[in-house]
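The two complexes that follow have chain A in common; it is paired with chain B in the first and with chain C in the second.
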Partner chain A sequence: MAEVKVEHVWKFYREEAGAGQRVEAVKDATFHCNDQEFLCLLGPSGCGKTSTLRMIAGLEHISRGDIYINNRRVNNLLPKDRMLAMSFESYALYPPLSVYDNIAFPLRARKYPEQKIKEKIALVADLLEIGDILHFRPAKLSGGEQQRVSLARALVREDAQVTLMDEPISHLDAQLKAKLRIDLKRIQREWGLTVIYVTHDQLEALSMADKVVVMNLGEIQQVGTPDDLYEKPANLFVAGFIGEPPMNFLECVMVKELDRVYLQFHDFAFPLDPQISQAIERENQSNGKWVIGIRPGDIVLGVELKGAYSMKGTIYSVEPLGESSIVTVDVHGQRVLVEVAGTCAEEEGRVVSFFFRKEKTHIFNALTGKAIQ
Partner chain B sequence: MELRRSFWSRNIALLLFLPAFLLTVGILVPFGYSVVMSFTNFNLTTGTSDFIGIGNYLKLTRDPEFWNSLKVTLLFTVGAVIFEVGIGFIAAYLLNLGLLGQKIWRTLFLLPVMLPPTVAAIMWKLMMAPIQGVFNYLLQLVGFAGSEWLGGSSTALLSVILIDAYVFVPFAGMIFLAGVQNLPKEPYEAAAVDGVSNWFTFRKLTIPLLKPVILIVLLFRIMDCLKHFDIIYAATKGGPASATMTLSVQAYYHSFRWTNMGYAFAHLVVLWAIVYVLSYFLVGQWKKAVSEVHGG
Partner chain C sequence: MVELELRKVTKKYGDVVAVKDLSFKTRKGEMLVLLGPPGAGKSSTLKMIAGIEEVTAGEIVMDGQVINHIDPAERDVAMAFETYALYPHLSVFENIAFPLRSPKRAHVFSEEVIKNKVVEVAQFLEIDMLLERKPKELSGGQRQRVSLARCLVREPKMFLLDEPIAHLDAKLRHRLRRDLKRWQRERQTTTVYTTTDYLEAFSVGDRIAILNRGILQQIGTWEEIYNQPADTFVGMIVSDPPMNYMNARIVHEGERLFLEAKGVLFRLSLPVQEKLRSMREEEVIVGVFPSKIALVEEPSVVSSGTVIDGVVKFVELRGSRKIAFVSTGRDFNFTVQLGVEENVRPGDQIRCLFGEEVLQVFDKQSRKNILFLS
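Up next, the complex of A and B:
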């Protein structure tokens, strides 16, 4: 159907009061969404993901840079000429019309026969479980229901080249969310939709997207597949944002002893492999400060692993979560989270050793936040 | 102490109720008095005040002057409301575009409502004067024949409608403007992305969303036009030859010129009934429209 190219796009907002002051909502964003790809814009609130989506939709002016849809520059095209469908986080439903008429609105404007409209609505209504509220007006619906109507209105648009979704399932309860994650992904595949999807929920991004664009403070942090982001986070922000519970960070200093390079955290020293120490030495401008990142699930508690890094600490708390438990270990005032399968018999206040493999660690420059690959 | 406190706690409610009570009495007593008087031959000159049943109302049905007034009143209302709602709507749309000098336009637009209606009527009467008036002067300048305006039996009604529109278009326009500015933004964004034409959006979305506001303007203007007195009396005194003789002006003549109060009251009770029925209908429609837009 279509591919979308976002090339060096900026968005400035002029501040109302301060003359000449500008807020940079999106800074130099570049990414491509291929035909029939599911692309997620992921980031915390205020990171510029919605501004980016609205620029693609044509609802916001592009301050600088270019956006191409099917290799056609769309900067100066009106929203209606970009052939897009969009579902809104704020629902953007038509208050005087019933749910049925809301979904039918874009189709009726295109003079579809009523019979065909009926069939299409029945299809999406079934999918989104809104068949029983079709005759209600939006004001009578809950937030989750309105959100599904907004999604339905975007999904009936079979002529759309790209389907844009702004937090389309954020207001639903957990169960329905889980179902819709699966359904949306399946629809996208089956119908061959090109989807650009905005979310702050890493779970949605990781489970549905073919490609994820992680944004923070208006800047793109990393573009990659969900696996890339999880296995090879490009910087501290991505490492901390992706994964639940979040990655542990230990701030270390670089120590060189007998030609061997170590990263030292208090009285624990982690010897580095030659190629990593070379990379670190090449880039050693951060006063020797480095951060070791290790995911809670990659740490083993109590059982010694041969050739792995080992540390010792006091158990601070144990959080049982059903299938797993989160154990917090205090090491010199630094809390380290460990994910343990099943329930954990450890008691608070006990001193324990824990281990993690060298290849499971991520090393970041403490100053720039960039990962050493 | 104990006694005083209980006195206050017992009577404070009555005291607070008093203004509302006085207001109600102040409205209902004269109204009830008018209704009662409409069943009498109350006449200030002869001093009679005898109960004559529905005599006055029977007389109304046979009075061609009354039927003419009713027709004039309704024509005036329909004409004035069409002008005011139509031009007011267009003005609100233009003022909402955010054109250059928007604040100045809004202030200028509001000027006519600040004029006392009588003053506006006299001002227009001068401009509409057939020989020395500026309208005919301008018309003749571009080659048209002048009009008789307020002086012609066929043009007088339209002329007073124009004066009324001049005074009340801003009123309608300002309420429409408030309505237009309160329209939610997001549905229009959705329509824009969906490629729905402006005309389709206007018909299917804007008009239903503005329906409560339109009905409020209709309600106020229809009630006001039906009862209209000041502009018409100041401009034409009901003439020429009853061409602008609305029910209010007619009732005024019957009461204060011919001192036939009972008969005048009968006119006013009929007028009240018309206003009441129409308002009742419009308020019902308004409630329905509000619930359609805002739920409930």
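Up next, the complex of A and C:
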């Protein structure tokens, strides 16, 4: 059993130049990683995800709050006593040792028999495609190879309670990345590993994680399954960060006519269902400004959808992407992206109508950024 | 608008061959993309065109004139480097304005014109608020855009763009992928552009040249490449997840030909059967893109193609689509791309249709596509 609980954790740094001004890298973070769960900490650079991971690892002091591993408070435990395996973005390999000896290092430290070590390394080297560089020194390796060795060293540690990984595949080329995403997920499941994984790449998080913790500017934005984040983003940040191509946002004003509430974008008015308009009217913090969000894949071009919202614009560009195309439509200077399956015969400059279903429409408070659920 | 031609160009660094016998010709005003993994020879090719790397063998020809020995500054090409190469002591504004002030310029620009040009390109690349800063105060993505701006601010005969948007965040990359293409098309400047990302290549390129280990694998429009991948490498690099491959054997049943792989008999279209009839070997490789495998309802009767049943091992969510990893239990696994609305879960039985028109067949030795060999 391995379980990690992060409870109201903060990380402050004192700014060097500023007169004692405090930089808050992590603000009141709370989340749980269950046994055999693959948890991703996701966010842009500087969001606090790496600081959070380093506090779990014991490499950074916890400014405030508590971290528990298997219900044991570990705030004051040394990293080596936390029973963790780690693979970091800065590879931290031992330069005088060969790749083989680097990977064997944590196993030898734990007195594994050499035969067992050999078997484990063969398995992990095969998986990470480093079988032919095992006798090299780290200095001879490319960045991508060093990263795979670092990953191998973390994966051979089956005694570890929790495996921590910081951007372990970010330096690899697209093909190897795609392969490793699948392999890492498979190993994690087959070996029953509990993994906390830091990445800035939403695709890695969506494709591998059981649970994702999205962070921005030191604060947790949302905790949920990949489906939750994609289908029900809690705020504008999550909505814009998850999904590629990114979600379209239309800044609207609320209009009330007779008993009906509308959100209006230029000359397009979107009537709201009663539950949503009630929720909107209860919010008094928005100055009547709201944002409508629609994913490019949820918009249908040209073919009318009964009962759906409709808009009209001019085709600005058509990008072929093989199995799909991205069509950009200009609506009063706002660019709306539409993802179309297959090839698109539309021509630039043509005026087109497009449609999206109410239930696929996300509505956010423009001031607080919060989603109306 | 210039026309660029490479004739059997080779580049060696010591014993290492970075580019081998590379020949291609751009059209006037075209955006040609060099697509390949790291180490494919893309940057070396650009540097030879720019004149900052010597050509080991072969000729580089611009508008009919061999330019191998022409000084880089005389070639009038603008290059954006992946490594940025900014002047650290100059502000962003001065870095971008630099080529406009160069003494080698044919015409001298007034300060007002320089300012207008710098601001225009800075706004286009969303760095207009950074013009007073020094390079060291910028993030990697911002530096990349300054380097790109310094290139785009000119009106050269050619643009050479080396992975110009590789280090930008997803949102900006999406916008620039689209708008760089427009910028280039409006100016009709012949451009060679490199990337490791096939989506970017398809999106910006009028044509795409695919390189692997210094060798040209295929050149064509995205439709040509996607519908007729020249070899197994191309099938791997223009699809994510890569094309599914399996070893297969040609089977004769009377006049009809089938391909047999792991106990599955693939039905083939008549033209494919004709192509295979002339083959001497029996062993081939069958390839199918994950996006071209269809789910079919059960029970169903299909008049063409091949139906394969399997169990979903796991599902990868990719935003607007899903990738299912399917196992048939006969040591035969493949990936299928599904819409996000398909409710498929690990453990589910699914039935997949491999249409006759989506099968590609590759030679086992050369790994070339048999169906499009002339």
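Here is the rule we use: the second predicted complex is superposed on the first by the 373 of 373 C-alpha atoms of A that agree within 3 Å, B and C clash if a C-alpha of one lies under 4 Å from a C-alpha of the other, contacts with A are read in each partner's own complex, and residues count from 1 in each chain.
In this text, contacts are C-beta pairs under 8 Å (C-beta built on N, C-alpha and C of every residue); 3 or more make two chains touch, one makes a residue touch a chain.
Note that this is a predicted model, so its numbers are computed, not measured.
**Q** Looking at the overlay on chain A, is there a clash between chain B and chain C, or do the two fit?
**A** Aligned on chain A, chain C fits beside chain B.
**Q** So in the superposed three-chain picture, is A:76 touching just chain B, just chain C, both, or none of them (first/second/both/neither)?
**A** neither
**Q** If we overlay the two complexes on their shared chain A, which of chain B and chain C does A:85 touch? Say first, second, both or neither.
**A** Only chain B; A:85 stays clear of chain C.
**Q** Of the partners chain B and chain C, which touch A:95 in the superposed model: first, second, both, neither?
**A** first
**Q** With the two complexes superposed on chain A, say which partner A:106 touches: chain B (first), chain C (second), both, or neither.
**A** first
**Q** Figure out whether A:244 sits in contact with chain B (first) or chain C (second), or with both, or with neither.
**A** Touch partner of A:244: chain C, not chain B.
**Q** Consider the C-alpha centres of chain B and chain C from the C-alpha centre of chain A, and write down the angle between them to the nearest 10 degrees.
**A** It is 80 degrees after superposition, to the nearest 10.
**Q** Quick check for you: in the superposed arrangement, does A:296 touch first (chain B), second (chain C), both or neither?
**A** After superposition on chain A, A:296 lies in contact with chain C alone.
**Q** State whether A:115 touches chain B only (first), chain C only (second), both chains, or neither.
**A** neither
**Q** Quick check: superposed on A, how many Å separate the nearest Cα atoms of chain B and chain C?
**A** 16
**Q** Would you pull the chain B residues touching chain A in the complex into a rising list?
**A** It comes out as residues 184, 186-187, 189-197, 200, 204-205, 208-209, 211, 292-296.
**Q** If we count contacts the way the header does, which residues on chain A are in touch with chain B in the complex?
**A** 57-59, 78-86, 88, 90-97, 105-106, 108-110, 137-140, 150, 153, 157, 164
**Q** Which residues of chain A touch chain C in their complex?
**A** 44-45, 144, 173-175, 178, 181-182, 185-186, 189, 202-203, 206-208, 226-227, 230, 240, 242-246, 295-297, 317, 319-323, 326, 328, 335, 337, 339, 341, 343
**Q** Any idea which chain C residues touch chain A in the complex?
**A** Interface residues on the chain C side: 37-38, 139, 169-171, 174-175, 177-178, 181-182, 196-199, 202-203, 222-223, 226, 236-242, 289, 291-292, 314, 316-321, 323, 325, 337, 339-340.
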